[in-house]
Amino acid sequence: MIIIGAGVIGASIARVLSKYENLEIHLVEMEPDAGWGASRANTAIIHGGYDDDPQKYPMRARLCVRGAKLWRRWVRELDIPANFSGILVLAFTEEEIEELHKLRERGLKNGVPGLRILQDRDVLQTLEPNLNDNVRAALWAPVGGVINSIEAVIALVENAVDNGVMTHFNTRVLSVKTSCSEVVGVETSRGFIEADVVINAAGLYADEISKSAGADEFTIRPRIGEYYIFDEDAGPKVTRVLFPVPTPVTKGVAVIKTTEGNLMIGPTARDLSPSEKEEWGTSEKGLEVVWKEARRLVKALPPLNKAIKTFAGLRPEPPHGDFILKSYEEPYGFINAAGMRSPGLTSAPAVAYEVVRIMKEELGIELEEKHQWNPFRRGIKRFSKATNRERAELIQEDPDYGVIVCKHRLVTKAEVIEAMKRIRSIGAEITVRGIKYRTWAGMGRCQGAFCILQLIRLIAEFEGIALWSVKLTKRGSEVGIGDIYTLV
Amino acid sequence: MIEVKKLTCIVCPVGCKIEVMLDNNRIIEIKGNMCLRGAEYAKSEVLNPVRPFFAVIKVKNGELPVVSVKSNKPIPKECIRKMIKELSRVKLKAPIKAGEVVVKRLECLDVDLIATRTIEERSSHLSSKP
Amino acid sequence: MRKVYADTVVIGGGAAGLAAAIKLKDLSVNKVILVDDRERLGGILPQCIHTGFGVHYSKRDLTGPEFAEELSSFVLDRGVDVFLNSYALELRYVDYYEKSVIVASRKGLIDVRTRTVIVATGARERTVYEIGIFGDRPAGVYTAGMVQALMDLYGVMPGKEVVIVGSGDVGLIVARRLAMQGATVKAVIEVKPWPGGLIRNIVQCLEDFGIPLLLSHAVRRIVGHERVERVIVTKVDDKLSPIPNTEFEIKCDTVVIAAGLKPEVQLLERAGALIDPVTGGPVVNEYLETSLPGVFVAGNALVINDLVDTVAEQGETAAEGAVLFMNDKLIAKYYLRVICGSNVRFIVPQVLMGLKEEITLYGRVIMPMRRAVIRIPELMLSMQQAMITPAEIFKVNISERKISKVVKLHKLTINVLESR
């Protein structure tokens, strides 16, 4: 069977399916590495589950709550950095306080535990010292928090591969092939892969895949969200995840502290046309809105000159707002796991189990659990997160832990080498971005001005390729165009 | 034939805009300079503009892939392009010591190129091939 | 953790740190440890293959790598303990007579206990994000220092059609190297109405190679998917704001950000030293001692310099201060603030304490001025300068005797005015 897309959805499905016997699972991804679609540029929040109206968006409502619960176990099993700090939805007016009550009711209906409306200023202040003085009340959702979304995808893929899943990176699915109304495989940029079951987790491109299979025809619109990230030393930060009262369109601009300790604000929500799925650029207006909206929620933001990076993410917006998660009579064997807009990340584990249910109940596939399935995966040991004693031990085990490659995030050579080995072990291509995502090198205030060169040297040596040909991201993103006399 | 060449003086931060009038490559007049040093500079810039030359040359088997070099004396400004073209064909072998003359009498210009950096032979410290 | 003892620890083995270490040994300091996180000494010098280094220090006109090698050999000859591939994780002020520097290396973590510290950690480059450029983030966007290292250390040609953002010396020098190696440098874009670098570099880097300099322009957006495809440029007004309807495109595959440097002061900040928000470096006295007694700073970590001779000079001043400190001779007589007056962006040192007979103030103006006068009213001091530009740090030498007479005024104001 084939899973198209190694983002958080595809990787979650791969992990869960790897529990079952006799499934030859191929995870097919068009990029050189995992998680480079919507999964790499989002707010990385584990949502509460009160935002999704069970009437209008039954899938979202059900899977978000279930997913949030599953993540608690998954982050422990897979060693994914996460901080379940809780979410505060902030109300500034009477109407907004009414909204909070509605949200709470909806949350109760959806089965979200622990929701409370707080109006006592002292309590609110204790929960969140950087709360704006104009906040009148808040919905407190202790179940929510933040996760390292890109590390989550990487962890999922590593675990899936460990449990037998095969990967195909740099492989673009061109179309799903059917015969006699049954799925027979996929045509890719690297040849044909046979399969009886094809699961479409292709994110922004899921509509094209579904259409090629002759299943549902729908249009995925890219929805762009812009963000600011601040210097790890810059404050004031926040303790909880802060949201305004949501609108029908979007949850609004959030203020969070990432798992790496940086303050982050965003996103906006602007729909682009379906032809703009490659347009990941920031805009002056978008960033202005982010700043203005975030400012409302807190007492203070750090000064703008402490922002170390701005970026934008694209979410795959389905036509009617709910996930497209189903199988079809024709073509038999094709399952859509598409339109995973917010709360896609939160729902991912639950989406994976839903796919299992669909396979069993709707496709009639018998699934038998393996006797030997490894639920555990350890992340790369991080020098930056270790105590000095632990650091001394790390260096003793591996002296390359004593060589600092990225000074702002304290990433060592040992971690970079480990990252390269791990990229290889999942069958992906080694790129500078892949190492950045696995080690956090280059994610500090200098944005890699010092260390990117060291990463490039290490990659060139590891792969035995010329320095200039090392890729930053995908093909066409090589560091240089040749050696220094190339143009002469 | 009379021609006027314009240039910016670099001798001090004022950066006077100097005009030099020439008649068949002989200087007739210099104006725009605030001091004598500027006039001297303008003269040499117009009649025989030279520049210090520095670049890198490819190195085989060294700890770094290129070695930085400098010319032992300034070269005519117009020759820079040709020099680079010549150097594109050169590949040196490590080890190289700073101060060593690595290319002699380049391009019949009576100029030597001297290494400005020491490059040891490469020692591989990362085993990696799959 | 293993403890090691020293008299002075110098953090950073670039020009400032090397000059400081040499001076410390020349002043007979017993145990000097120099810590650097690279594989070889020299800091940024090895990638600056052009000449202009050591003119005052060595009385020769050397290239960066040669100057680095010369200073390194002086350091090693004098018996300085050099720790390479070693990173100072933390600086802690233990008490007046002891500081702790935690250093990580392949051998493990060491706690270096020392009487004095000289921080010479240099600077970092401003990023594309810090200068308000929107749009995509494709490959091909590099800082000038990265391009310099790519080309002249690693022999890589970064691109073929280049736009350079910022006209400071680093950007101009990189423009020249790119043009020499066959790239088409389409423009150097400078937001201010005057160039950021020295005239010599405008002539020898831009004019020599026919590279256009666009003053009062700014790059607004970068466009490109995997690789840079073009930049969108606008004109700006005298407040540096984009003028509407003046946008145009420049097709290119490489954008070099040469928008300035910022002192690397993480260690000092986290140790609690007072930082000057204008310079980005620490507040210091005339011996370049920070607000942490016995902790000194020199070079680009103190303030962004233009000439390596000034950097070396600062290293030596810090070393002299450290030696006086260790001999209990660094005793403040007064506390005088140095204030930035008219057309002065910053002055270092910011505080004078009557410690040194001859004091050097380093400053930078905001805008260029011809026939300028540097005036310090409290001292009734006036110094003429034919031309003063933001591209070059200006120096003012004053004798402490003069200052001690006006201590009751509590401050010195440095002004740069246009003389009539």
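Quick notes on this one:
For clarity, chains are labelled A, B and C in written order, and residue numbers in each chain start from 1.
We adopt the following convention: a residue touches a chain if its C-beta (ideal position, glycine included) is under 8 Å from a C-beta of that chain, and two chains touch if they have at least 3 such contacts.
Predicted, not measured: the structure shown is a model, and the values here were computed from it.
Of all the chains, the one whose CA centre sits at the greatest distance from that of subunit A is B. Of all the chains shown, the one with its CA centroid nearest the global CA centroid is C. Across B-C and A-B, it is B-C that has more C-beta pairs touching.
A straight line joining the Cα centres of subunit A and subunit C is 39 Å long.
Mean C-alpha positions place subunit B and subunit C at a centre distance of 26 Å. Centre-to-centre separation of subunit A and subunit B, using mean CA positions: 52 Å.
Shared interface positions of subunit C, defined as residues touching 2 or more other chains, are 151, 154-155, 181-182. Contacts with at least two other chains are made by residues 467, 483-485, 488 of subunit A.
Annotation for subunit B: residues 56, 58, 65-66, 84 touch two or more other chains.
Across the complex, subunit A is touched by residues 1, 37, 85, 87, 89, 102, 104-109, 124-125, 127-130, 134-140, 143, 145-146, 149-151, 154-160, 181-183, 220-223, 225-227, 253, 266, 269-270 of subunit C. Taken together, the subunit B residues at the contact with subunit A in this complex read 56, 58, 65-66, 84-85, 87-88, 124, 126, 128-130.
Residues 417, 420, 424, 458, 461-464, 467, 483-485, 488 of subunit A are the ones that touch subunit B when the two sit in their complex.
Within the complex formed with subunit B, the subunit C residues making contact are 46, 49-51, 62-63, 65-66, 69, 151-155, 180-182, 198-200, 202-204, 207-208, 370, 386-389, 391-392.
On the side of subunit A, the complex with subunit C involves touching residues 233, 278-284, 287, 305, 307-311, 388-389, 391-392, 395-396, 399-400, 402-404, 407-408, 410, 445-447, 449-450, 452-453, 456-457, 467-468, 471-488.
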